[in-house]
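Lettered A, B, C, D and E in written order, each chain numbered from 1.
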Amino acid sequence: MTEQQNVLLKVENLQKHFPVKGGIFGNKTINQVKAVEGVSFEVKQGETFGIVGESGCGKSTTGRTILRLLEPTSGNIYFQGVNIAEVNKTEMRKLRKDIQIVFQDPFSSLNPRMRVKDIIEEPLINFDVKDRSEREKRVHEIAEQVGLTVDQLSRFPHEFSGGQRQRIGLARALITKPKLIIADEPVSALDVSIQSQVLNLMKDLQKEFGLTYIFISHDLSVVKHLCDRIGVMYLGKMVEVAEKNQMYDEPLHPYSKALLSAHPSSHPLKKKNRIILKGDVPSPSNPPSGCTFHPRCSSCMDICKTEAPSLQTVRDQHDVSCHLYTEVNKDQEYLYE
Amino acid sequence: MVQKVLEVNELKVGIKDEGKKTNIVNGVSFDLYKGETLGIVGESGCGKSMTSLSLMGLLPPGVEYLGGDVRIDHLHFKDFRKKDWRKIRGKRIAMIFQEPMSSLNPVHTIGNQIMEMVLNHEPMKKKEAKARALEMLQLVGIPRPDQVLDEYPYQLSGGMRQRVMIAIALSCNPEILIADEPTTALDVTIQAQILELMKNLQDQMNMSIILITHDLGVVAEMCDRVIVMYAGEIVEESLVVELFDNPKHPYTKGLLASLPDISEQKEYLSSIPGVVPVYGNMPIGCRFAERCPQAHDRCKETPPLVVKESGSRVKCWLYEREEAEVIM
Amino acid sequence: ACSGGGEESSTNEKSDSRENPAKDRGNEIIIGVSGEPQNWDPIDTFLLDWSTIATSVFEGLVDRNLNLEIQPGLAESWEYLDDQTLQFKLRQGVQFHNGEPFNADAVKFTFDRLLGEEGQKGPQYSNYTSIDSVEVVDEYTATFHLNSPDPVLLTKLAGYGAVIVPPKYVQEHDDEFFNNNPVGTGPFKMTGYKRDQEIVLEKNPDYWKEGLPKLDKVTFKVIPEASTRLAELQTGNIDVMKRVEVAQAETVKNTSYLELIDVGTPTVYSLRFDPGQKLMDNKLVRQAINYAVDKQSIIDEILSGYGKQISTYQSELSFGNNPDLEPYPYDPEKAKELLAEAGVAEGTVLDVYIPGNDGNFKEITQAVAFYLEEVGLKMNINSVDNTTLISELIPNGKAGHMYRQGWGGWTLDFDNTAYLMYHEGEQWNPSFKDEKVEELLAAQRATVDQEERKKIFMELTELLYDLAPELNLYQAVDLYAANSRLENFQPPHDDRMRLEEVSVK
Amino acid sequence: MTSVGLEKAVPVNPPRRPHLKKLWRFIKKNPVGFIGLILVALSVSCALFAPFITPFDPSKASLSSRLAPPSWADPKGESAFLLGADQVGRDLLSRIIYGARISLMVGIFGVLIAMVIGTVLGLISGYFGKWLDDIIMRVADIQLAFPFILFAIVIMSVLGTGIWKIIIILGLTYWVGFARLIRGQVISLKEQEYIQAAKAIGGTNFNIIRKHILPNVLSSILVLGTMYIAEFILLEASLTFLGLGVDPTIPSWGGMLADSRNYITSAWWTAVFPGVAIMITVLGFNLLGDWLRDKLDPNMKV
Amino acid sequence: MIAYVIRRLLHTVLVVLGISLIVFFSIRLTGDPVSVMFAAGEPTKEAIAEVRSNLGLDEPLYVQYGIFLKGIFTFDFGKSFRSGMPVMELINERIGATLALALGGMAVAILIAFPVGILSAVKRDTAVDFFGRIFSLLGISFPNFWLGIMLILVFSVTLQWLPVSGFEGFKHLILPSITLGLILSGILARLVRSSMLEVMNQQYVSTAKSKGISEWKVIIKHAFRNALLPTVTFIGLQFGSLLGGTVIVEQIFSWPGVGRLIIDAINQRDYPVIQGGVIYLAIIMVLVNLIVDLSYTLIDPRVKVGGSKS
């Protein structure tokens, strides 16, 4: 991937808070779940940007907010220069032609009472393709591309396996020829043997359509397989963004390190030294002070308890949000190993 | 030789629909030895859970025993009566489930749920049982265990609930622990914690574990021996290192190859074509044949389970010639 | 008593010959009634339910006996000093239940109250507006001064509103208290009252009629549902059942320890025509309908004979009834002729409104529909909420071509009925209008000479007979059932139960 | 849950069986549903074919045959009526057969009205939430707290009486049940990913409700509907009992039953046979509803 | 929690206001109380007008409504036209009978429905289930007046086991409670069955079984306790409406309940009693629902106030 690639999507300081209502009239926000708390990143044309992190860290919320399935609390989302966060609802609906999403659960993301062809066709109807035969033609085209046969099209979702359903989901997302696809854990519900089929398909489609992916997952090996650049999220924040190999070979953030080490090895003899984190992921409605990771961090310093670090570029294309790498500590080479 | 704590023989489990039987678990046999961890892997729906549930007499309504027998110590289960199961459940075999979120009863306190198990099997006073519960919580590394005793499941995180489940399961010192995908619903960092915990406890208590999972990574970390299941049958059984280094069944091979590897980079993953066959519409002969790159004519017949000299077993015609002894 | 009909059931054998379950109750009886007025103040009510019970508690200056004859009550005698002055000599030595003496002051107080502010809040006041004032002549003499001659005043003084109340008691307690704790001079005093459940009356030991009452205690139980009431009677929990449904008569008759007693009432039922409606403005049509319906069959079949035909809208008990008039005979041919003459097309639909809660009448209406169908008229029966019917539909002329109306004529004088039903502009007369009728109505009110009035009424009834403002169906017969342990129980014609003579075996 | 879905992945081709065998299979598997079906079919066919199967004209009154006992129970052997005659001498059997029309009409159309109102309001309330939800739910509360009989009287005095008014009254009262049920389902459906997906592919709210939400709540609407049909048939009887029923010449079971309550001891057939008719139909619809629920949506809450 | 309760109470106020408006204006469409009072007697137009004005019925509607509204907030609904008694007192007199009947009916319903529902669910698709369901549905297959009269005929008249009617002692409560309870039990049993079925499929039931405890202990302690939540909602709602009166049962059994008071008032167009009664019941209903919601917290620790699961 080269430098000159255009930035397709730029997310700036995105925040999404879910209000916890209370008060006498039920209209007072008594608390907030800070699901996404200032996330910034860029996605370039044609690349696959991976987002990893533990459950509840805000990955899906980030993805859905970009599509405005959830209204962002604040921040900007530039898609091809247009600020998605500010357009009105009708314009947004049009923009959705270019940004699509594939969901994690292939079972609940397809309406059980619609035939496959109707599911795939629906976006075309929404985006005003009036001609029936034209629509049918395109449905057939796309079905073939994702590996569904024509006679399968008139069946209902429950007649398909998980992998096949994910193909249907992909077909639905692709039929409007979008530029960006947000894939929210598209393979986590699938068996390994099926997972690889879908991953391969996604790669093929990317090549064929010049797609850009935001690939959300908690499976580090899948992310590594598919993505070009990776962002690690922790409790609503992007704590580290780096090119894939850098991330896997030399993770900087203590959390990234722990995450990578926790991933089970692929061979019984290759057992590695694990960093077992203490405690659980804190609640996003009541995040710890300072660096939100500090209670679980083995390299926690005093400053971490009070001051939140910001995402800074510490190396070429490698950003991290950790006090260990701020000016004061930068010269401590050992950190880089 | 190491003590055998469990012996499963030609176990068949299935559904009966107007006299028509459909086998979900189709003649599974294996042994479990003291202190070992036996992994069972396979794709979703291949019958892992049914196998494990049948070892506890917990089959869901509609699913029945259709044959085979189970030996636990010197208890022999042949006709699988409800009463017999109650004697071994909890005391001899304990179980933890995949979903930590839903395996604890939401309306009872953690303490009560542990105590229930203890009181049921051991002649104890409530107070003693409570002490035992506390002890168990400490054992599984729950912070502030005395408070957690009086809390409800919803107040705990997934990882903590799974620890509680382990605490319940182990509270009566069972000989066998069946763990049905104990970490699938958990995050990697939490999964690491739990797996670590299980390993430590196994060492302390010297119990045998049947670990069911579809994650080969977890198998690699945890198991001594592995059974690979496909469509209700065991297709391969071997020691864990052997399985990873030298898989025999084409299915096992395909499974391993389709795994993205964090330490290697491939452009494309190899994948097994097709989908798992469905119960009620099983191919005759080798059930994997349709998807098998090495399938040949003989695969139209059911292959034997070949026992190899290493002690591993494989159910495939390709190994027929090397057979030392054919069971079945 | 003059029973209204009721063929004696031929067999005397009773199929249910269980032992009388109430035989050991002692010198008290329990009466099952369908409702109670909730308010015992005589000036606040017009409910028959009130009179059933309160007749035993309160008394008026004049009284009606069980044969409905006017007789002295608290007044020993009276005389008209002139057309507008009426003087009463009061009975001496009578006491209210609370010990207060009864005297002319009490009489004056009663009528001042009735005609004053208090009385104007209730429906009784309007009956007595002809009284201008009551003058206390001496302790036992009271004189009534009237605004205008009132031929039915004496009758009215036997009515609910005119019963005498104890002045001190009423003044000392507030209205609410009196509503719940009535005190009068009657044979029984009210000693217990649980709203909508039961009313307990106990013997008034100081009652002025020697040796009466015979019973020590009478309890009224409120049991709104007829089937339940009957069940209570069958099981011996009550001794008397008021309002036995015709459908239940057979069961009562068949029970060994029960007796069915029927009594004619002043209440008459008709399907009144609304001449404000097209079609109904034609006398021929109205007459035709009267000819078309076989009333006797309806009475015999549906009412099992417990009813009596009427010729005009009043009972035979009423002053003003014309015994010479024969009810319209059943003559469908004549009806058809008349209809043809009136130019009514075959299959014309008439809207009929009846209250939905009167099961008997529903059946009767259906029978009427059946007869009308025979002469080519169709009926569209609307069964509506009774209250809506009487308070909204009828007064506003919205009750279709015909509607059910029952009328008691509480004064037992045709004046009450005729005036309210045929005088233009009255609440119950949305549209009937006839000059001659108006004339006669006014004339009978202008005199207190009863012979004179009778003559006028004869003329009026003939006229009304011809005008046929309603399809007159029947005079009601009330059915009572009583346990055979009761003696001397005679049901009232007018719901006002008299219990002082009743005793138990 | 994954595996259960997969099980259906490949359609099984059962060997062609004769229809009878299929029916037998159905009966053995769903005895409850089958009984329900039979009972409902019985009353529905009564309603449909009433003119062809009634032995007598149901509105032909004749005072001479008033309260004639059933022919088989008539000691005198004069009665021509299989189930006896009613208070004005009409054939009870014919009236009961015709009564199916009115009772089913009340049930079915009443439910349709309630269903339409309740569904629309429930969808709006659940889908759009916020103040719309608040308003609709408060209105529902008010409706619930308003006494049914008073409501009936008010409607009848405004609109007049008749079978359709009763249908309207029932419909206007019972929409709340549908609205609440649907609202609850929509709220949980809204969280389903396919609804999110429908939004993501640019669906308008109207289309999402129509295509994705409505079809998925339909089954529970249906189930509740069958149960309400049963309830409405009984309510018609209660209304007649309280004097708010339909024209007594119209043969309706509720009306017949309520009007014969005093005859239970003297002419038991007038009270028993309409009661049996109601019981059969109500039981039928309830069983059908139960079965539908087990079939369509095991998780539905009443 | 406090805020939640206050919020719910504010909702109540809204509902009460809404109902007050509707009741007030709608009953005035249905006829005139004074005409009803004069159903006999001498109802001259003047007399009627006089009584109307004495009852305050000739004031402009908004003034009357204002008085009524003011009354609501001071819990003074005026005096009954018919009995002259304060409406509050009339209601209070009867609330005991109503409560007894509601509790009795509920008790019968629960006694029938819980065992039947649980057995049906546990023995799903067996003969027990089949007959249990048919049995529980029989109760809702008859109109309540029919059932009531039949019960009286059988148990009081023929067998003479129980008193016919009235509100006196425990024995009097039995038949009306059965009438009410049978009707409720059909729905309740069905609900218990379906929530039991749902719960029995939950993982924690398997967990409990895996502990080796007896089947019935699992069913009662683990499954049933969880199946209780939807059941309690239903019971609460039903209880609310039972308090609202089961007019027909009250009428059949001569039960002096609130339902009959209101239906009588409706029949008499006794405005103050109708208005007061309806409002009173509405308040009770909302309060009962509030209590039900709050009681969730006892049954299910997951439920935070507000009725939603965390």
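For this structure, a couple of remarks:
Note that in this section contacts are C-beta pairs under 8 Å (C-beta built on N, C-alpha and C of every residue); 3 or more make two chains touch, one makes a residue touch a chain.
Owing to the predicted nature of the structure, the values given are computational and were not obtained by experimental measurement.
In this assembly, C is the chain whose CA centroid lies farthest from the centroid of chain A.
In terms of the distance between Cα centroids, chain B is separated most widely from C.
A straight line joining the Cα centres of chain C and chain D is 44 Å long.
Averaged C-alpha coordinates put the centre of chain A at 32 Å from the centre of chain B. Between chain B and chain D the centroid-to-centroid distance comes to 50 Å (mean Cα coordinates, whole Å). The distance from the centre of chain B to the centre of chain C, each centre being the mean of the chain's C-alpha atoms, comes to 88 Å. Each of the following residues of chain E touches two or more other chains: 30-31, 149, 153, 266.
Counting only residues that touch two or more partner chains, chain C has 227, 385-386, 388, 392. Within chain A, contacts with two or more other chains are made by residues 161-162. On the side of chain A, the complex with chain D involves touching residues 64, 67, 69, 93-94, 96-97, 100-101, 103-105, 107-114, 122-123, 126-127, 158-162, 169, 172-173, 176, 189. Residue ranges on chain E touching chain C, taken from their complex, read 30-48, 50-51, 54-55, 79-80, 82-86, 90, 93-94, 149, 152-153, 156-157, 160, 163-167, 251-254, 256, 260-261, 264, 266-269.
On chain A, the positions that touch chain B within their shared complex are 54-55, 161-164, 191-197, 199-200, 203, 218, 220-222, 224-225, 248, 258-271, 274, 276-277, 279-281.
Chain D contributes residues 61-64, 66, 87-89, 153, 156-157, 160-162, 240, 242-249, 259, 261-267 to its touches with chain C in the complex. Residues of chain B that touch chain E in their complex: 53, 56, 58, 60-61, 82, 85-91, 94-95, 97, 99, 102-108, 116-117, 120-121, 152, 154, 165, 168-169.
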